[in-house]
Each structure stands twice: as C-alpha cells, then as structure tokens.
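First comes the structure, then the notes that go with it.
Naming follows writing order (A, B, C and D), and every chain is counted from residue 1.
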C-alpha cells in the first residue's frame, strides 16, 4: 500500500481525494454509504452570511457526459453551519473545508471571521460561482476584483486560505497569479463552466435560471489544461477538479500539477466514486512501484 | 416538407446544416457516402497563404463525449485551393465557405484578396484556432486585435464576411460586438476549447502539441450558451456550432439564436450525421407544423 | 432515512402499454427498507444522471420491488431495453413516502397516467376502503386496470376521450364525489402537475387531508445537491424551498406552492 | 478509394488468447472492395471516435471479412463484449493496402504481436513462396500459429522469453536470413514501431523492397481531418506529413521518417 497522505498549505489529508463543494452537502447524506473518514476531505456547500434560498427550479439539466446546475448557493448560512453542521462533521475523521461564497468582499470577510475561531481546517474562497447575480464569478473573472477579495479575506483569517477559480476566463493563470500575490495559500480549480440547454418542445431553457454551471466528465480536458497552465504559473499548491470520475483521471490531474483532487458530479452517477478512486489510485501506485502519492504531482513531461 | 433554405449575409443555403471547417477537408472524401448537395454548405479546411505542414503527431486524443485535435492548420495553401480544390467543389451544388486562417492580419488580407475574384460564396475568418503559435486564437481572445484583423479583411473583400470566434474568452459577446462594429456580415461560433489529456503510463501529453482543441458533444451546453449570449448582443446572423450531433441539438442551437449550424466532430462518430440532421429537422418541423426552418431562430423564451 | 446502493437482477419484465414497462426486481435490501411513495434512482447506460422512478410495489416476503415506467426520453428508452435477468444499479429507497393511516380509514387514490403505479401499494393496504380514480389519455394508454380489482378497491377509470371507462378527468369525478358529500379521511394523488394542483384545490375547498407526490429534476436523489427544489409554504407564512428527493416526493398538499 | 458504411453482423467470435479476439463479419460490400493491408473503422459504444482495425482476412466467395484485435483500453474492451449475431457499425475498407507482386515472387512476412493478423491474406496469396516470421512476448500471447501451416508458408515463430518457438526477436531472425544471403523480392512488416524501424533499417542495409504498416491516432479514417499524420521523406529531400488513413497504413519503408 502506497502512502496516500498529502499535505496542502500545512493541512494533512488522509488522501488526495476530496468531495467537491455543493456535491455532498455537509456530509450527512453520503455517510449512509461510506464513512467520511475514507475521504481526504469534504468541501462543504458554499455558504453565505445569511441563509439563502437559491434559484427557482428546475435547477438541474443533463448534458452529454455532464450536467448543468443552477442551485444558486442555497444554504442555511454560516451561523447555522457552525452551530448545527460543523460539530457533527468535525468528528468524522476527515478534513473539513469551508467553501465561502459571500456576495461582497465585506460579506466574505464577515463569514471568514466567524469561521476563524472554529475547527474548520481550511477556507475555500469561492470567487467563481456562476449561478448568482452578485459575487461569485463576478469576482473571479477579473484579476483586480479577484485580488481585492483575496486580500480582504487574507487579512481576516489565520486559517489556510484556498481560492477557487472560475474557468470562464481568457487566462486563468493571470487570475491565479493575482490571487497568489495577495496571499492565497492554495488554489482550487475549476468551478463550473457557464452553459445552457433548451427544451425544444416548450422553447424554455431547461434551467429556470436560463443558464447554469457545467460539470462532469465533459469538462475534464479543459480543467486538466487549466491546472497545468496554473501549475506552471504559480508556486502554491493546487487542488484540481473538473470531471474526475475514475482513478486515471485523478492521476492525470495530479501529473498536470494538482497536489490533491476534488470529485463533484461523478458522485451523482455513482455515489461511491470518491472511495473507488482512493482505492484504485493506491492500487495503481503499487503496480507502478510508486511509494507516495505526492510523487505524482506535476510529473507530466511535456513534449 | 418544410422549407429548409436559409439566407445568411445574402447567401442562400440549401438548408441550415453546414459541415464545419477542418472536419471534411475540401469535401472529396465524404462524397463517397453522400452527395455534397445534401448539405447546406461546407466550410473548408482553414487555409494559410503558403502551404503549412501542421503539428507533429499524435494530433488526436479522445475525451468523454469529445475529442482533442492539434492538427495545427495543415493545409496546401490558398493557391492550391483555388487551383485544385475549388473548381471541383464549386460544382457540387452546395455553398462553399472559405475558412481563412492567416498568421498575421497582412496574411489574412493577402489570402482574402486571392479569394475575392473566385466563386467562393463566403469567407469565414478564423480568429480562433487554438493550435498555432501565431494568429488564430491570439487574434480572437482580445477585442482590439479581433477588431483590427476584421477591419483589414473587411476592406480587402466584397464577399460576405463571417468571423469565427474563440470560446476561450471571458466575454464572447464583447468580442462579437467588436467584430460586428468592424463590418462582419455574420459570426460563427464556437471554435474549439483548449484542452489536454495525459497518457499516465508514459507521463506524456497524448498530443505532441501538449494541448489541443476540444470539440464534440461535451462542449454543446457551453457553445449553446455562447450563441445565446452573442445573439442578444449583436444584429448580424450567427452560425452556431459546438457538439451538435443530432437534430434536437441543431434545433436548440437555432432556438438560441443561430440562423444555421455547423457540424464538426460528430461526423467522425457517424459520417452521415449532417445528412441525418437535415432530414430529422425537417421531420420535426413537419410534426410541429412549422413551415420554414428560419422560424426557429432565436425563439427560445427565457424565464 | 436508510438507503442502499446495489446491483439487482430484473426477475420479470412486462410491457403494460405501448411505451410503459413493468420490472420486478429482486432486492431484499430495498424491499425491507421501503415505504409506499418512496422512489429509487436507477443508473442507465450513457447517462451521467440516474433516473428517479417510484416504487410501484414492495413485497417483503418475496424480497422484490417493482417499478413501472414510461419511455419519455433517452434515459427511459435505454432502461426499457433491459431484459429479465439483466442487472440494474439502483440507489434506494429514497425520500419520504405516504402517511399510512389505519387500514380501516376511507381514502381516495387519484392517479393520472404514469402517476398511477405508486398508488398500487396504497390500494393493497386500504383494500375495500379505497376508492381509486385513475385517468389516461385513451384506452390504449390504460395501465394497471386489473390491479385494483385484486384488492377489492372501488375503481373508477377515466379517459380523456371516453374510449374506455368514463369520459373526463379524474378531478371531475373527485369533485362530483366530494360535492356529493363524500368525506374521505385522506386523498392521495400522483400524476401530472395540473392534476395535482386541481386535487390540492379540491382538498382545500372541502377541507380534506391530502398528500401529493411531486416530481423535479434531480442529481443526487438523497438531499445532498439541493437540485430538486420545490417551493413550499413555511409555518410563518413565508415561502421557501423544500427538496423533492428528501422532504418529498410526497408532500401534504397544503405545503406545496404551485 | 471507394468505401462504404454499414451495419454488419458478426458471424463467429473466437478468443485467440487471453485478450485477443477474432471476429468474422458478414459484409459482401466491404469484402468485395477490400485489399490486404487495408483497415476498417468500427464504432464502439460510449466512444466518440471509431476504432481502426486491420482486415485479417477478406473472403470474396463467402462475403465475409475478419478482424483480430487485442484489448488495449476502453474501446477495444467494449468491442470484445460483442457476441456472434450482434451488429457492428463499420466504415471501410480504408487506406492503401500492400502492393501485391505476382504470387510466385519470394516474400518475407514479419509480424509482431497483434501486428500479425494483417499478414494472413498475404500468407494465403504467396503460399509456399512466403517466409513468415512472427514474434510474441511469450507462449501465452501466440496467435494465428496454425494459420500459416494451412497456406504451406515457411513459418518461424519467436517468443521474447523462448517459451515457444525460437527465443529472440523477429528482426534477429530476419537479419540472420538476409546476412545469410537470402534476397526476397519484398519484405512486408506489421507490428510495434521499434520492430518496424528495425525492419526498415535491415531492408535499407540489404537493399530490399519493404512495406510496413503504420499506426496513428485517427478521427475520420478517410483523409478528411488530417489527424493521423506520419512524417515522410519527400522526393526533393525535404520532409512532410503523409496521412496514415489515406496514404497508408501501408508505406514503403523508405518513405517513413521514424
């Protein structure tokens, strides 16, 4: 058995496979199928300062090898998280990553201040949600605003700070560099791509929000390229995601430069995906005589 | 049988289904399976001023519901096209769209000047090829350079001028507006998304060019959203493409705002795809009592 | 609520009408956990998302469950191609089912089209105390007609065009009954949204308890992704989103905002 | 070159070694157009790109073609799940096959591993005038051993570990033969790239005509997408890209730049 623990921004994870934000809520539901301690970590549903109702339904549409969502950051708010979810979740033997999705820099700062004294392991500042009118991708598609919100949040917390980038940009490495310069300890990428589907019978977009975020295997090759680009542009560790649904995809992502990976939409196809990936990556490492999963990071040999 | 002819920038097409540039060469190969007159048009392989060898192999990689290519604009040059391909192709009873992919604005102008006196029906200025070092996406990911090359080419030809946009941008509608302002008669979108795959055994990117352009069903929802965005931003007609592989997808694309569609990668899965789409769209129109395919354009009803 | 994921074999496959299929699936695990009104999420080839299908029957002795589904699009189309002894990847049972009153209570079961199957376990439970009203487009679309005879239910069959049973909507029949003074202890309804809305109206008008089974597009099916929102009344008079896969699919008709 | 696309049934399926399958497919259309060395593009479930597989046999009388393939990844894995009487969606025959000399010429056929099957039609054509040298990792990987007996070919079998036939590489045997003074009219070779490169070297060294069958990742398979580039010498001394699916898969060994 290879050594699967990885260290990111000072936080040690059981293994490099984290469940992506928004895909496993606060962890309770999937506990029915596997213990959360099998995971490297869980990035919880993006949270706002106050409870948020999210967008009207339909919020889900299927696409070839992918899905769109327009949940719109429905969440019970940071206070509820700290009071009712964190005490349970923090006993489960996995790393807890708090996904912070304020609609203004001030909101983000306020949320992070509340999280600072808790036993959350890491902050994932979400500047890339495509499903909300304020904040979200509006921060993340512009270097200056991405830098500003990072700077503000950086000053508000002593927790390891990871910033989650939007792929809906001309140059993701520019945004990555701007965010790194303001003190991000790690980067996670990618969030979803803005997409659409139409019901040709009713002529209505399938999503009530008209557009939504694309994730799933469809986006994997773009996400992989972006992780590689960012890896070549920054020094901080990267958590790679976007379409990972099997061990080979996780290994590609790590070779491209990721120190760990997140698994999102694939959990809806097969809820055991993250656990299978942990086991199969481990097997692959054994088969290839690699002792430590971290040895994969950034090993791609460009032509 | 519904009326399938569509008119774009003054050019009348047999129907709204065009084979995308780079996917059917100069039309000879697929003639074995169906007469080109069944198509609305063919956008020929992107051409440069001088013959171009393209990138080293491997040039093709498969992805979930998609593929990457890094052909790198291999083509015999515009003179060869005019002398050896066009005379044959222009007798086939379909609209011929010349895809122009010069590496500098001057090159583009020179190519277009050569095409101007020929019986090419339309120019598709490709400012979005992700597989070449010069020109291509370097033009298309920046409003100013996109405007400049459009302006130069606009002055060099009296042919209808369509500009093909890159999806690898933060705001495709900004680019679309910049290009429209310089006199583009139509827009085509999207070209491929920059992506990557890695062979985990050799640790090499599968493509010798390391990265390549993603196309196929995987990108459909993003392409659809972009067509809708651009339709709401410009007045000129749009030819929509990206992942269309069945009639429903073509209809969605037209409802989002496209006046015609192009079919690319799907032809590799099933070479008869474009012809099936023509027939099935026609059937769908009949089933829905719609007399003219153009009535579909832009009919999506956002919530 | 406890649920499992597993691979289970199809024991019987039947074709109930042109596009409607009936699978009996061996799964002791799911059968032993399930309640009427709950559903399962089934994985289908090529499709990234599972398909939610209600349980049409739960047989504890024989360890099987039953699903009845209609081909609507690609996913159900592929599902229909499975044959007896093929294996299905199923997640379930999921959601909150119907509230079960004592079996001697008087109930109405209102089913529209492919909404009829989830009523079968209720029909069996309430037997002669249940009045079942089912409606279909036409005679060709009628399914499960015999099923309710078995249970000695009073059964009224409606078709939109009168080609079988009574001509008209199930809600017309229900309205006549309620106007006529019938006061059941509960109305259960499953079917298209406009039908459910009308049933909810009637239940409110005549002040009768009513539970309806809702549908929404889903990803996880277990309450984790918040995809399947359904607008509901809060106790304090405001509205919020419940989630069909976890808080439903069965809701009290007073909760749902149509 | 003329080619067709169609849906054709598998007549026989055989398992030649652990991961190697042999399909006999009924297709008068393809059989009547095909030449030894050509290939087909087969559609496989879930995969956007077709899989190129060489023709291992072309039988005109009986209207069938034959393919022999090894499971390498997902696509060939799915292909291996097809059974007799299942239908395959096939595009073909594609590419340029081997140059056929008069059958009384002396030829060498060099095959490595899964590169052996396309040599079968040549073996049949040249019969006793062909010397066939095939190589495999070990005894378990050996395929088509009997095939060459049928045609009265001289057949030398090699394995890397000596577990069957001669221990060593096919190119070692070829080198010994050529050094020993054998001067065939043509060498045909199909197999892994390093083997082809060595065969090409030997052919050049001993000045013998040689044709090799190349592989490259493909999309269209018919010369339209320019995906399957293969670096070749031009007559004027420069280099350029040929395309494996159209200009090949069979190339004169002097053309290819390894």
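Convention: a residue touches a chain if its C-beta (ideal position, glycine included) is under 8 Å from a C-beta of that chain, and two chains touch if they have at least 3 such contacts.
Since the model is a prediction, treat every value here as computed from it, not as a measurement.
For the pair chain C and chain D, there is no chain touching both partners. The greatest centre-to-centre gap from chain C, using C-alpha centroids, is found for D.
The centroid of the Cα atoms in chain A and the matching centroid in chain B are 33 Å apart.
Measuring from the averaged C-alpha position of chain A to that of chain C gives a distance of 36 Å. Separating the CA-averaged centres of chain A and chain D is a span of 47 Å. Multi-chain contact residues of chain A (touching two or more other chains) are listed as 56, 61, 63, 65-66, 216-217. For chain C in complex with chain A, the residues that touch the partner chain are 2-5, 43, 47-50, 75, 89, 91, 216-231, 240-241, 246. Per the touch definition, chain A reaches chain B in the complex via residues 56, 61, 63-66, 68, 141-142, 168-170, 193-198, 200, 202-205, 208-211, 214, 216-222, 224-225, 228, 243, 245, 248, 251-252, 255-256, 284, 299-303.
Taken in their complex, chain A has these residues touching chain C: 22-25, 29-30, 32-33, 45, 53-63, 65-67, 69, 71, 74, 206, 216-217, 265, 267-272.
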